[in-house]
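Shared between the two complexes below is chain A, which pairs with chain B and chain C, respectively.
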Partner chain A sequence: MILTLGNPQLRIFRPNWFLTLVRPGREQPPDTAQFRIPMEMTKYDVKNYLEKIYNVPVGAVRTRIQFGSNKKRNHLNQKVKQPDYKVAYVQLAQGQTFTFPDIYPEKDQVVAEGSMEEMQEKFMEDEKQRQKLDPRRGGVTEWFGL
Partner chain B sequence: MWEVTTAKMAASSAAGRVLTLCKQFQNVLRISSAINPQHCTANITKYQAHVYREKSPLVAVPFWYSPSSSAGQCRALHTTISRRGLEEFFDLPENWGEATVKSGAPWTAKQLRTKSNEDLHKLWYVLLKEKNMLLTIEQEARRQRAQMPSPERLRKVERSIIRLETTVKERETALRLLQTGQEKGRPGTWRRNMFGYVYWYRFKEYAIPWYMNKRYKRKRFYTPAFVQPHIRLRIEKHLRDKARKANREKETLMKLKKKLPHIKVPAS
Partner chain C sequence: MAARTRLPLLFPKNLPPFRNQKLVHTEAAVKEPAYPPIVHSVTAKSKSALRQKALQHVQKICASPVEEKLSLVTRIQRKKFVVYPQSFARHADRWYQHFTKTAYIPGLPEKFTLPAGDESSPPAAVPGIEDDAFADLRSMVTRVILQEHWHIKKRKPFMYREQEQVVGPMLRNLVTGLTYSLAKHNPLFLLSSLDVNPQVNFYWRRGERIIPRGHRRGRLEPTRFQIDDHPHSQIRITQQLPQFTPLEASYAAEVPEITTAPNMMPLFRRQYDNNIFTGAKLPDPACYGHTQFHLVPDRYHRDRMARRQESDQVEVFLRANGLASLFAWTGAQAMYQGFWNHEDVTRPFVSQAVITDGQFFSFFCYQLNTVALSVETDANNPRKNLLWGTESLRLYEGVKDGEVVGLNDGVIKLLVQFLMNQP
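Let's look at the complex of A and B:
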């Protein structure tokens, strides 16, 4: 909400604000979605944004600012600041629920014939075979002589 | 005879009822098109991905959103409401877990200049939603310690947005020049600050004149005499840095030439 002095208030035709839907770190109620929003946005901005652009019925919006740590240091011993960001907890109206989906499911690696991945797999398997001890020793380590 | 008149009256009243209904629809259309100009369509996109998204945009449009410019005063905007809500923050489900996702080239300024203002407005929101989606999946990839499929899409969308902004600004300045003769919307001027730099100072609206504004008077738009010598030192430092950088590059090239005399000198 960029408030201007006097009337009429500024109308933004091409909003330059981008929201990021994130997976909540803590357990949230089923109708709550968690967003990372730019610092300049307010609760009213988030509500209007979601309602007008995404046609999502919004109930309540609560925001907080997350402080990005300034504790880490780089190889020159200079402090490195992680950027601050604003988090918005949006409760959906009309009894809708939202669960964050699993976008990166574990897929079985189908290795194509004659490709780099297949050669790498073979190499790794050979290395593992070499690291294993002589099977005739029956699990006894090399420390014991003979 | 009076059957004819009743028939006529009935016809006129029916027509009148239809006309009033049409007028109500017109009013709804006018108000709705004034309040919700930002719903976007999937009609014009460079990205093929977005065309797959809204499979049937016409079906999704409810009947009172149809672009019938009846009154002639309201500019009808063909819009599509997104039916998928928060799912639009994610990619299509068949793209989840893929290694790469095919995407087209970014919009160039030349192509964008051929489009009308309505098309550019809609495209802005298409690009906005696409960027939101990409940011979401990027953050999720970082969270799950997985690789985001095709991260170059984000760069392409950013470039397209910047080019769109430049074309719109060009059109606005052209219109402003024609209408008022001013190039910039907000008045400003070149001023020198205390450190010797000349910069574009943009005017701000105050309730009182500048000579009554104590905070404004504390701001000095000239360089004091004791700062003058430091300006020269700063220029010298800058020139020295430039010369050193050029010398360093020349030396590296000479070393390379000595080691490998047959290489061609790369054009800098």
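Let's look at the complex of A and C:
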């Protein structure tokens, strides 16, 4: 919470705020993590939140507000607003680095024996093989010849 | 060859002179080319025409005098990154090292002796200064410190104006006093010029990026940088300082490579006049730099940073400041001599800087070995610029009852050595 002059510093002990760690759209330096934070949070709030609740040493925090577009229209031609959100770029202290992990890694398809997928794959392979030319012709087309 | 030449039946006694042209000690007659060299046309709508235009522009700049060179290099205004030497960004010195292709070497070159930590042995005398002269300098320094902190009846300085109102006058008195006293030992200072609150600007191009959006999308664009620095004071001299290490020694140095865009530092872009300025205009005879003195900004507090566990950033800030300021100054000096991106410096340009916040002094030495930082010229350029720097050294502990407590002689000696540097 921001300190206003004359009033005592407000302290929150059980904040109702939740941070979302997101993958950065642009390439960020290795010590930077990107969060989506509620609009009411400030840089100092983010720093205290991460340091006290999660024990993450925070160096510097920079925030910006992303405007959600108001351009799209629905079937009634009314403008549909996408919500605005605040983004925080948190630079970690003590030389720590962070890279956003790969949440959806590609799995190697291991096809089970005797199942539909295996038959389909075999069929597709046979079709592709039929489309290819005779290998004995050595890449020459079939336009001419017998 | 002998089998092919047909010798006459009667072997003549006087052989004609040597027919074989490929003898070592004679040269074939040099033939002047009868036609001008064939170059790509400039007016065609082709990639080779663009290359030819760029080449002709470079040749035009190389062939013109220095003022025209400067104006041609800084003519076109485009969006550029404004590099502030006093930057609070984290790891600013690594970013700046990447932008200016500088390697950092902790400590100072062998010429200067660093004051040892807490040894009680008396420091060795500075060559050229006797003990009496050194005692005079010491008393002058105490006088300057006491003047600002003890003798003058001052109100408490305004918020965030302490540096400007207290340390500024103290540093000015110190610099003027030191240069005046050392003028008899260092003949350079008789013809030098001491600027108060000068302006130093430099403009250069470093990397490249592909433009993501806009009507120029997909094309390569060089990233442009501009430094606008206002040191507290600087000394400019008529002769150049000697180099600290030979050019070839910089080939082995390491420069940190950063792959992310400068935007992430954070660094912002603006478009305005591209300036290159050392502190005086071109015709000034004192065109080479000697020492710069910098004040730390008012929002920089060591104790606050220590409370926030940012003690390592303290040194990072000072290093980044020294690096950027000195690079701008030496680069501008080199441009004033006619060296630019495509015509690299033939001799290294050397300058020194002292950054202080009143109590702590940090000393930096910079050697500019290359100005060729853009992509085409940097491809095969093994030279790197070098920065030597110290940690911050305390000059005095405090002021009590009209006495300066804990005056560090080593720091004064180092200051004197810095100012005594001459070719």
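Just so we're on the same page, the second predicted complex is superposed on the first by the 100 of 146 C-alpha atoms of A that agree within 3 Å, B and C clash if a C-alpha of one lies under 4 Å from a C-alpha of the other, contacts with A are read in each partner's own complex, and residues count from 1 in each chain.
Simple rule for what comes next: a residue touches a chain if its C-beta (ideal position, glycine included) is under 8 Å from a C-beta of that chain, and two chains touch if they have at least 3 such contacts.
Since the model is a prediction, treat every value here as computed from it, not as a measurement.
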Combined model on chain A: chain C and chain B, fit or clash
fit
Does chain B (first) or chain C (second) touch A:Pro15, or do both, or does neither?
first
Output check: A:Tyr54 vs chain B and chain C. Expected answer is one of first, second, both, neither. What do you get?
first
Which partner does A:Arg62 reach: the first (chain B), the second (chain C), both, or neither?
second
Does the superposition put A:Ala93 against chain B (first), chain C (second), both, or neither?
second
Just chain B (first), just chain C (second), both, or neither: which does A:Trp143 touch?
neither
Winner by number of chain A residues touched, once chain B and chain C are compared
B
Which of the two partners, first being chain B and second being chain C, lies in contact with A:Arg26: first, second, both, or neither?
second
Rounded to whole Å, what minimum CA distance do you find between chain B and chain C in the overlaid structures?
15
Using the superposition on A, tell me which residues of chain A are in contact with chain B and, in the other complex, with chain C.
none
Could you pull out which chain A residues touch chain C in their complex?
26-29, 31-32, 57, 59-60, 62, 91, 93
Chain A partner contacts - residues on chain C that touch it in the complex
89-91, 258-261, 263-266, 309-310, 313
Can you list the residues on chain B that touch chain A in the complex?
36, 38-40, 81-83, 85-86, 88-91, 96-97, 121, 124-125, 128-129, 131-132, 135-137, 139-141, 143-144, 146, 164-165, 168, 205
Taking the complex as given, what residues does chain A use to touch chain B?
5-6, 13-15, 18-23, 33, 36, 52-56, 92, 96, 98, 101-105, 107
